[in-house]
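Below, chain A partners chain B and then partners chain C, in two separate complexes.
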Partner chain A sequence: MTIAAPRLEDTKLGPKAGGLYRHQSFFVALPFGIFTAFIGWLVSHALLQNSNWGSDMVVTVTFVSWVIGFNAGIGTFNAPFRWLRGKDQTHDDHLYAAGVGQGWKRYWKYCTDHKVVGTQYLVLVMTLFFVGGTLAMMIRTQLITPHSQFLSPQTYNAIVTVHGMVMIIATIIMVSGPFANFILPIMLGAKDMAFPRLNAMSLWVVVSAVPPILSTFVLGGTDSGWTTYAPLSVQSPPAQDAFSITIITFVVSVTVAGINTIVTTFTMRTKGMSMSRLPIFVWGSIVAAAVGLYAMPAFLMAHSALITDRVVGTSFYAPAQGGAGWLYENVFWIMGHPEVYVILLPAVGAILEVASTFSRKPLFGYKVMIGGIIGVGVLSIMVWAHHMFTTGWAPSLADPFMLTTELISIPTGIIFLCIIGTIWRGSIWTKLPMYFLYLFLWNFIIGGVTGIYLSDVPADQYFHGNMFVTAHFHYTLLGGAMIGATGAVCYWFPKMTGRMLNERVGKWAFWFIAIGIQITYYGQFWEGFEGMPRRVANYAPLFETANQVSTTGAYILMTGWLILLYNIIHSWHKGEIASANPWHAKSLEWHTLTPVPLENFLVDPVVTSDPYGYGEPGSVPGAPAPEPAVVGASSNQGGSH
Partner chain B sequence: MPSDHDHKREEIAEEVAPLFEGGPIWRRPAAKIFVIWAIMTAIGVVIGVMLPVHIFPKMVSPQGKDALDTVVFFTVLAAPVAAFVYAIGLYSLLAWRKMSGKSDTPPPDGPPHRGSGLAEALWVGASVVLVIVLLIWGMGFLASETAPQNNVVQVNVTGQQWFWTYSYPGTGVTSNKLVLPVNREIQFNITSMDVTHGFWPVELGDQIDANPGFITHITVEPNQLGNFDVRCSQLCGLYHAYMYSHGQVVTSSQFATWLQDQGASVSSVTSYALGKN
Partner chain C sequence: MSVTEHDMHVPLEGGSHETPQERHRMEHIALWLFIGGDAFFCVLEIFFWFYLRSLNTNGMWRGTNCSKANACTDGLGNPLTHPIAKAAAVNTLLIAVIMLASAAVIWFAEVQAREGATRKTTTPLIGLALLLSLGAIAYQIIQFQILPFTTIDGTYASTFEFFMGSNLAHFGLVAFIGTGLFLRSRKGKFENGSWYHLHLSRLWWVWIALSTTVLAIVSVFFA
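Coming up: the complex of A and B.
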């Protein structure tokens, strides 16, 4: 199909379009951030080194300077400062910021195009998984024998802490970053996110949050796990300050991104895209974003109070001065339990899209599933104290928190109903994303059932702080959410990169991952049954066999992820060119060109039904549109643009 | 309206009927799904009943037995539910897989069924029933934890980086080994001198954190003679992995002798063992 009108991305911009943005990129921001960090270090070192909390103060000031400097260097503050000076940006400036005329260089810049941001997030997430996975392999290697000397206890604790936090950051953004940015606006028929500059900001702020947490290894190492329970974390080396700066910075990013996702969904939907026609992935994303907006500020508060305890001597968590570790634990878990659903729900949304597309059937129980997602979201804010059954805090609340925790299995169970109802008598098309759907189904049941054991107080009194818990949440977060996200990568890869992911290599990766997960975490359930505590660098010989099983599984799992990583990189460069709609799916993102043009649609689409009308007689192209024809979400004419 | 009602019934019949069609009864889809489900349920139940008992350490108190029983009961309860999902998943691959994944064009669309009120109601109803069963189970255990009697044996537990200290109030005995009399109710009063630790006497099947600035309590009643381990269940810094000590459940007379060996006077041991301090 030829297109007569010039594309927006082919606009010739004036020589000064973009202003300061012209000179900014990651390669400018990095040295500039290091420079401001150095200035911060110099000043704080000169003024504060000899005060009571000298080295903590210096680390804090240095990393705050880094975050501000890096973001100034990349361009986060450009637009607000122009407004302060009474100038607004011109149309050319906006187009420049959206990446027009910069080719691949826009991927290194503060780019407001949601598709660039989504791609940047995908690369960032894979990088973080690589870091977190490497640390995980070091942990499993240490645990291969009872008295291993591979890592010192100090290094081991630092690695356990950073592995946990890097993985939590990566999983929170693994779907809401790449897909809620790249795919969600196209699904809605929108031109971009509601706040494109905040979108770019959310990415670069989280990028600036990464160096502080990695620096903890050279700042004495954090030793209190990703939960950083006070008062231990108050007494930790200055690495803890860097860790807390990472958290605070990360929360800013997640909050901004969450608001953006919600506002985009409520205000940017194209004609005919009513809330009852939203793809289920959008529902998963906005409910997760809303839950995140409730939960994440608690994370910020927990760590703000922690850092002031450390740096200026407040006593929020110091029992001798009226504080309490329980305060930290409560605020932390008020974030911590909703947070697992912030991770899970978008991945569930994505895997449900896969279920419908590859069963060639409408999503089963769409409205019940929306109810389930909202139910999970609401209940998730009322279950936090099940993490504290054995802390001694408020024993009388054991019953009510056991109740809310077990209640959440009702809306969670609807996910299974929806999946098996969708594949029920469907025309199962076993492409790669569908493999990950079946793996999700297998793992998430195991993760869910073992979660019910832990919700029961008598069982929790044995399993708390025990490897059983580790195995349980890896089954849900890795086996469930991350496998769902991997399915999402396989599903949307052709749209995001314009190339097909190699199926044959992908299936090799799949089998290593699928088997690796089972062996690794069955090993850890076994350790837990035997009574092995979590987060130990060495252990009693009686746990040796179970640990060796788990470590063996971990190496198999690592092999699978490396094959998948190779597959993604290789297919991205050299894969077969993808058509616009290789899966013959019905949601809007498959009904625009690949690669997706700037502002997504050449003509605004009009939607006449939800995207699940497989096999329905009314499933015909949507409202007529002028040339070039862009069709509604209910179209049957896949991939012919 | 009857027509609506009839339409619904027709729809359900259309969905369900094919499951019961085709050849002898064991060749029909419903029978095959049932067989897969029954086999998987049986495997789950056997694993649940056999495996944890073998892997768990030998518990020396009723609380430890409660944890083990909970694992067995919940596994048996979960097996048919998980097996149901797995059976349909597996059967979908065996019977409804229309085309190899190698094809680049999708198979023809499946039946356009968007849901079934009956299935949804049954599913949610079944989950509610299961949750109620789980709750009754858990709450029953919590309710059975009675308030301590007045002849309870008190033991003060102090955690610090990275060891446990046990003191037996009134006797002047302080030890790094936890020795307990059998068949007596024992109340632990637990605190920490520095950071949060997790006091976890593994084979007693109970645990609670040791928090600086607060005293927490758990009550157990060991009913078997034997050894047990005390581990720290809360990451507490550098040598967390090495924070463990050994414990032993002994007879009352052995307990009194042990206290005297540790330097307690006879009278203090007598009044302590009666729970009168």
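Coming up: the complex of A and C.
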């Protein structure tokens, strides 16, 4: 499409546009953060080292200084302090912050363009998965024989802890980061997120949260698992302080991002985009964001109290001083179980987009599905204590929590049936995203059904704390949510990068991943049935065969992920150029140009029908609409595949 | 970004394409969501208080079960042999009252701005509210110094001081916003009906005053 009108990104900016932003980037923030951390360490070491909680205080002050310094260096505080001084940003400042005239360098800066932020998130998520995956392979390598000396028990515990939390952080942002930033505003017909600066802030704050958790390895390692149960975590080495700083920083990022997503959806929809026409991915994202707003304060509270126990000697969690480990467990799981759905719901929304597009059928039971998503969100806040059945806390509450937990399988089942209903008798176009949809269905049913066992008090008495639990939540979070997110990458890759993902290499990756997951986690179910406990560096010879099966699967799985990573990187640079709508899909993101212009649409789109009207008269055409973009008013082109 | 509600024809200063009313709606929703998250944090603080108080593990809520014969130990292993004295209620309540007063003043400043007052009226009022919030910060720090216990003296002491720390963090944010409002008011940013930032700030300010009051009531009357 030839565009005669000048684009916003071609605007010539004044020499002072952007102000301080001109001098800031990741390459400034990194040394500045290190410098402030060093100053923090120096001062705290001089003043506090000899106090009662010396090294904990020093580590805490150092990493708080790092987070503040890094964010000051990247530009997080520019706008608030400008506002403080009564100086508003000019039009040129806004355009500079949005990356105008900076080319690829904007990807290293505090850029307010939601597409840049989405791409930055995608790279961050892949980096975190690479780190977490490497740690996972070290764990599985250690467990290949009963008395392996590959890792010391202390190192093993530290690796298990960091693997868990890095993966949790990565999975929380794996869809809500890249796609709720890049894709969601375009789906709504919006020009950007509601709060572009907060959007960039959410990204860079979470970037600053990563080094503290990785530094735990050189601070003695934290040995309390990703749940960091107290009072063990109160007694852990100073690495635990760095771990908690990561959590507290991460909570700020997720809260800000969640608010931004909700406000964008409620206030920035284009004309005709009623709530009943919202793409299902948007529903998944806003319900997850809302659940996150409930869950994240609990995460903040749990770790704020933990860090004060360690740094200033409060006694929230140490029974010897009047505290209670149960208190931590309660608050942690008030966060912890809803957080599963914060991870899962956006991925489910994304995979539903894939289901409709590649089945060339309208979504089956759209409104019922929305009810299912909201139902999951609401029920998720009423189930936390099923993680505490075996702790001895409030046995009389076991039955109610068993009931609420089992109830959540109803809305989950509804969503599942709606996916099946959508692809049932569809004109299936079996492209790479569809492969991952099938894998999602297979894994998610296994993860879901095994979850019902764990919600059942008698069964949980046996399975709790053993490898069955590990297999269950990996089937759910990796096999379900992460595979859904991978399907989303394959689906939206052409829109985000302007290139097609290589299908042939992608299918190789798919088969390695699909087979690897089954072998790895069937092996872990086997270990669980035999009674092998979690988080042990060495085990009885009884469990050897199951562990060897699981480790073999893990290597197959790793091979698949590496092939996929290669495919993403290679296709991003040298892949076939993508058209604006390679899937002939109907939602708005496919009805704008690729690469997407700065404010997404050259003419504001008007929506007249839902985005799933495949095969329905009067639905949207499957190609970029001419100006003005009137979506849903043209004749049907669906069902061609 | 300065936005006005009274005049739709005033162009925004860049980057935003929404009308001022749309922008206000966005910021309003965002603020209420943020207050909602903060309110849940406040609820969790209160949950901590009552959970630990009712559990009273080893009699260490206020050391009520501690005696020479049954000496509990603090976070450093030192024996506690007597109940911990309560914090002086007057200090806790006065801090809350100061925050309520500052919230009332900022509210009054907003009302004045809505009625078309100039910077000569709004700036002193905002300055007064800012001073009160700074006073609350100073008073809170003083209270830390004069408490009859420290963080290590059982769970009552721990939770009480956590409340105070939480107050300080919130007051700091209020003072930051108050400073911005004051400097902007001096530049006339709230004149001619451009009171919207004042309105948003007031909502946050009132919430902080209320949450401080709730925490004060809990810590004074349910110790």
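By our rule, the second predicted complex is superposed on the first by the 619 of 641 C-alpha atoms of A that agree within 3 Å, B and C clash if a C-alpha of one lies under 4 Å from a C-alpha of the other, contacts with A are read in each partner's own complex, and residues count from 1 in each chain.
One rule holds in what follows: contacts are C-beta pairs under 8 Å (C-beta built on N, C-alpha and C of every residue); 3 or more make two chains touch, one makes a residue touch a chain.
What you see is a predicted model, and the numbers here were worked out from it, not measured in a lab.
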Contacts of A:P231 with chain B and chain C, given as first, second, both or neither: first
Chain B versus chain C as contact partner of A:Y438, first or second or both or neither: first
Touched partner set for A:I452, first chain B, second chain C, both or neither: first
Which of chain B and chain C A:F266 touches, first, second, both or neither: second
Residue contacts with chain A in the superposition, chain B compared against chain C: B
First (chain B), second (chain C), both or neither touched by A:T559: neither
Partner chain(s) touched by A:T404 [first = chain B, second = chain C, both, neither]: neither
Touched partner set for A:S148, first chain B, second chain C, both or neither: neither
Partner chain(s) touched by A:Q548 [first = chain B, second = chain C, both, neither]: neither
Chain B versus chain C as contact partner of A:F416, first or second or both or neither: first
Residues of chain A at both interfaces, chain B in one complex, chain C in the other: 319-320, 324
List of chain C residues in touch with chain A within their complex: 1-2, 13-18, 22, 25-26, 29-30, 33-34, 36-38, 40-41, 44-45, 47-48, 51-52, 55-61, 72-76, 150-152, 154-155, 157-159, 161-162, 165, 176, 179-180, 183-184, 186-187, 189
Contacting residues of chain B [partner chain A, same complex]: 15, 18, 52, 55-57, 63-64, 66-68, 70-71, 74-75, 78, 82, 85-86, 88-89, 92-93, 96-116, 119-120, 123-124, 127-128, 130-131, 134-135, 137-139, 141-142, 190, 194-196, 198, 200, 202-203, 205-209, 211-214, 216-217, 229, 231-242, 244
Of chain A, residues touching chain C in the complex: 52, 80, 83-86, 88-95, 97-98, 112, 191, 194-196, 255, 258-260, 262-263, 266-268, 293-294, 296-298, 300-301, 304-305, 308-309, 312-316, 318-324, 327, 330-331, 334, 599
In the complex with chain B, residue positions of chain A that touch it: 153-154, 157, 160, 223-225, 227, 229, 231-232, 235, 319-320, 324-326, 358-368, 390-392, 398-399, 402-403, 406-407, 409-410, 413-414, 416-417, 420-421, 423-432, 434, 438, 441-442, 445-446, 449, 452-453, 455-459, 461-466, 503, 526, 529-531, 533-540, 582-584, 612-616
